[in-house]
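Naming follows writing order (A, B, C and D), and every chain is counted from residue 1.
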């Protein structure tokens, strides 16, 4: 069985998923593309013989669409996710699930009414081979408990429309989800520290920042968000256990020694670094849909990440020093 | 269009290709499996709804088979490859193309009669990301000419039926092809050196050996074939250019520091190391077949590798010291 | 000229310096050893033909003593340092210079009365080749300003008498001085974060901690103090500049690949890691004394490190969350 | 006791030893310098208050000279070494001990007549920390026997007066001695292979070459001698054991990540790489002389290295292909 997928959002991320599903993955095809910019929908759909729609409602109502992939802006995710749930369709929604806790709660309520987990949030790092090996090292119990995690989220540069808030809700949100998944517990407190800013940024931006967070059991997490690095896209993570420290490796393919030193090339974009994780995420989602089962992160995961974002933004707006509690509703048994 | 593939040979390699095409790749499906052990053919074919045949002739005559994947033993490749050519079907033939120069020549003659390159030999390293980056570093010209290449082909262990000859015709043949492809020229001389043997081997085996070879332009290649290493599957390659040395990187995913040291896990099998290369090789072949074009290595490449094998075996059987000339026929313009 | 050195304190550190001066260094000799445990003084002095004293006063009054090396406990340093200054003798005082800001101020006053810088504090990392290369990379200006520094101070284990306060005044004090020296500015704020504690510690100890500090210009420093690591002595430092990240290298001498992985041995003690730095520190001090000039860190450096310790201890005792100001007197022109 | 050393040869190596003994080491002083260029002897001696001589005879006859350090050209070593032996003085002779087997034999005969091992040859790698750790890994027996050793001797460049023969007698001789010492057995066969030459060389030079050798027990050694590398001074060695591969580490002090990659600086000269080994070699020699005992390599080691050189030169002059036997006299019991 081939899963017939409807794509909402024909921007860069949506088109990347389109090409991925067509060129690299098995068992799924994009049969419809919706975008409020109808020309964008048409130009994306055409090479694959897919239908184009100007509204997500039309796509969600199309009986040929088995499942929905949402790649629009975060703030407009909620209504489409809820309508997809109400139509009984599986949804893979790019992160964030929604930009407010209220919207996330509304999605969870819809899903509970539907009686079935239908929503997967696009936190692709959960499908990265290196993070999974790190998690296996923790879960083996061989090295004791986790005590700390040191993260770096380093980008070569960001455009002028990237705001200080986005360092948290667009960038650090990846570590928020990854740490919750890796450690298997909630983040309960968060603080934003402000180092000296780089001169290689637009003036309005506070960059870098360091987010410090604690989990329920007391694991301390830090996350350097440093998005005008100039020299690389570099996702680093060191998990400090009681009797070992485990870090993401260099992922190096070749190593050159010459007049510049003993060196390996650094990754330059999230696509280069996480291409295989994106592929595996979408393939596993397609396979799960074909078997009528849920896979990956849940709406609760999307909600919890958004709540950590809210607390971190509050700390950041207060000047960064206070440690802010993450406010979560009681976890519904549905997501246990 | 989905390429309908017939698989000849339902052993380990054939089944790995079957699973790969079904689970990981796009645009191809296995529609028939042939094996002289008909039960093996049936059990391999059944989960995928493919037909099973007891002879390759039946499979090659099946009009539903667009293209053929050959994964039998090397010594029986030639007749099937030739019949596939005569049927006008594209063939992906596992290495070696054939085990004698004569058989390879017969295949090339059949292909020239067909007037079209139909045969691709399964040298999957040509599709490995790391080797491709190494080749790009050479081809860029930035670091001057190649002077030497140091290879290591290290296996954790080999079974008792692995012979001293197989160290060359089954193992080192990978480096022979990879070096020809990387350097873009023929290997013209070869010699086998015999270091002290490891005690971790079956008595009849000479292991390790070091194969030393020279290309037309004088590049010196060495290849340590060391197949009872105990500790890893390790494919290493250092290309020494005039102003740089480029080597395959560690490919490390995670890095652990603990009481055993500052370390990363080593790869344990060729499947772990080359899974992505196998996938890319077969996917590119499927895509090429769909577009009615040839891709990857040619029959000439299969022939040349076999001739290097012959010369190396001769040196090895003479006790290892003499440098033996590789005897090649003139290269047909068809393969230029 | 051979510098005749008097050693005060015949414990482990004192004896290490004794052996170092005799066996590894040029141009200095230990001529007298004082210890309140006179037997310790005698047994240390005898193999080198040095005099033994039961009091530091006797040693400081000995006209054969050109210069003084103090290796007693920190809390008794001040009176001996001041007497040595008053006797006009150069002093190399192990860290900390003194355990209270008041004592440090008294030392600085004595030194200013003497009109000459006589005191060097034993912060040996300033003489480590790797830290010096890092400083050179910063000072070159090639990579822009410093924004952050991430430190790890990891010990295999500590004895039961090691207290939570010592994590700061005995351990983190090394990073406090090293960061001031590296960045060339004062630390002005400091905070202590408490991650989950390791189970591999004595119950009374809070371990690990993370000290977070800011310099005058806003560089953010963090320092993981993690002293029951089990697996290594590991001093790590990453300096994040605007266009580069520079870290201390692995210092690996050999690299082993075997069934435990692709690995290098980790350092197990501060002696192994900093032996060369200790040697260079003491040799440069001997050379400076011989030429009647000051070298290395000053009393001001000892004072400033102690003030950062005081602020960090205050934050730690308050439960770790508040950011505490470091209170420094105005810097005397004498130390400019 | 201070060992009073006479230096013969006031060129670069001699002056480096002079500075080393004065500035870095304990318990030795240079009291006399001889050079056939008397002005060179005077200018070298003067800063240290040493005597200057125009002939080695005068220096060897000086009763103030306890021991002799010879740093002249290899071809004039033998007479001075023999006279020093006859004067009963310990000698540290820079490599090679002598440039012909006959001269080495004459030295051994003189030493046997003297009845005491007086000669140490300046193979400083025996004192390198990394090679010593490699030897300890082998000698531990933990990883089985040695099977192969892969060496690289890579220099940034050589001057026009460096000849093809010097690639063996001046450069590869270091590996010849180091391999004999590491493996604890003689090299019995040797061959020189000629890869394509680099264009970054003077026309008369054959560069690189690869020397292949076998020990008595069959360990295969290769040594890439590549002396116009442009980018680094790089001494590499991988010892392949039955269950591990041990290599010299990167010796990196700092690691930089920036737009040139993830990199560490490479060593640029043998002084940078082996400074600590030179220091330790000379310090251990001084200490041994003070205690009237021999240390380090012997005249036999100097002889054996020269014999391997002779065989390698013969292979090289024959065009490189033949494997040439190393001809050694029976080892005198005196050197057992």
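Here is the rule we use: a contact is a pair of C-beta atoms (placed from the backbone, for glycine too) under 8 Å apart; a residue touches a chain by one contact, two chains touch by 3 or more.
To keep track of the chains, here are their UniProt names: A, B, C, D = Myo-inositol 2-dehydrogenase / D-chiro-inositol 1-dehydrogenase.
Note that this is a predicted model, so its numbers are computed, not measured.
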*Give the chains in contact with both chain A and chain C, ordered by label.*
B, D
_Fitted rotation between chain C and its twin chain D in degrees, CA, nearest 5_ = 180
*Among the chains, which is located farthest from chain D on the basis of C-alpha centroids?*
A
*Just give me the whole-number Å value for how far the CA centre of chain C lies from that of chain D.*
39
*How many Å are there between the centre of chain B and the centre of chain C, using C-alpha atoms for each centre?*
58
_Euclidean distance of C-alpha centroids - chain B vs chain D, Å_ = 44
_Can you pull out the residues of chain D that are in contact with at least two other chains?_
230-231, 243-244, 250, 252, 256-259, 264-265
*Would you mind writing out the residues of chain C in touch with chain B in their complex?*
230-232, 234, 250, 252, 256-266
*Which of the residues in chain A end up touching chain C in this complex?*
144-148, 150, 193-200, 208, 210, 212, 214, 217-220, 222, 224, 226, 229-231, 240, 242-244, 321, 323
*Can you list the chain A residues touching chain B in their complex?*
22-26, 129-130, 133-134, 137, 143, 243-259, 264-265, 276
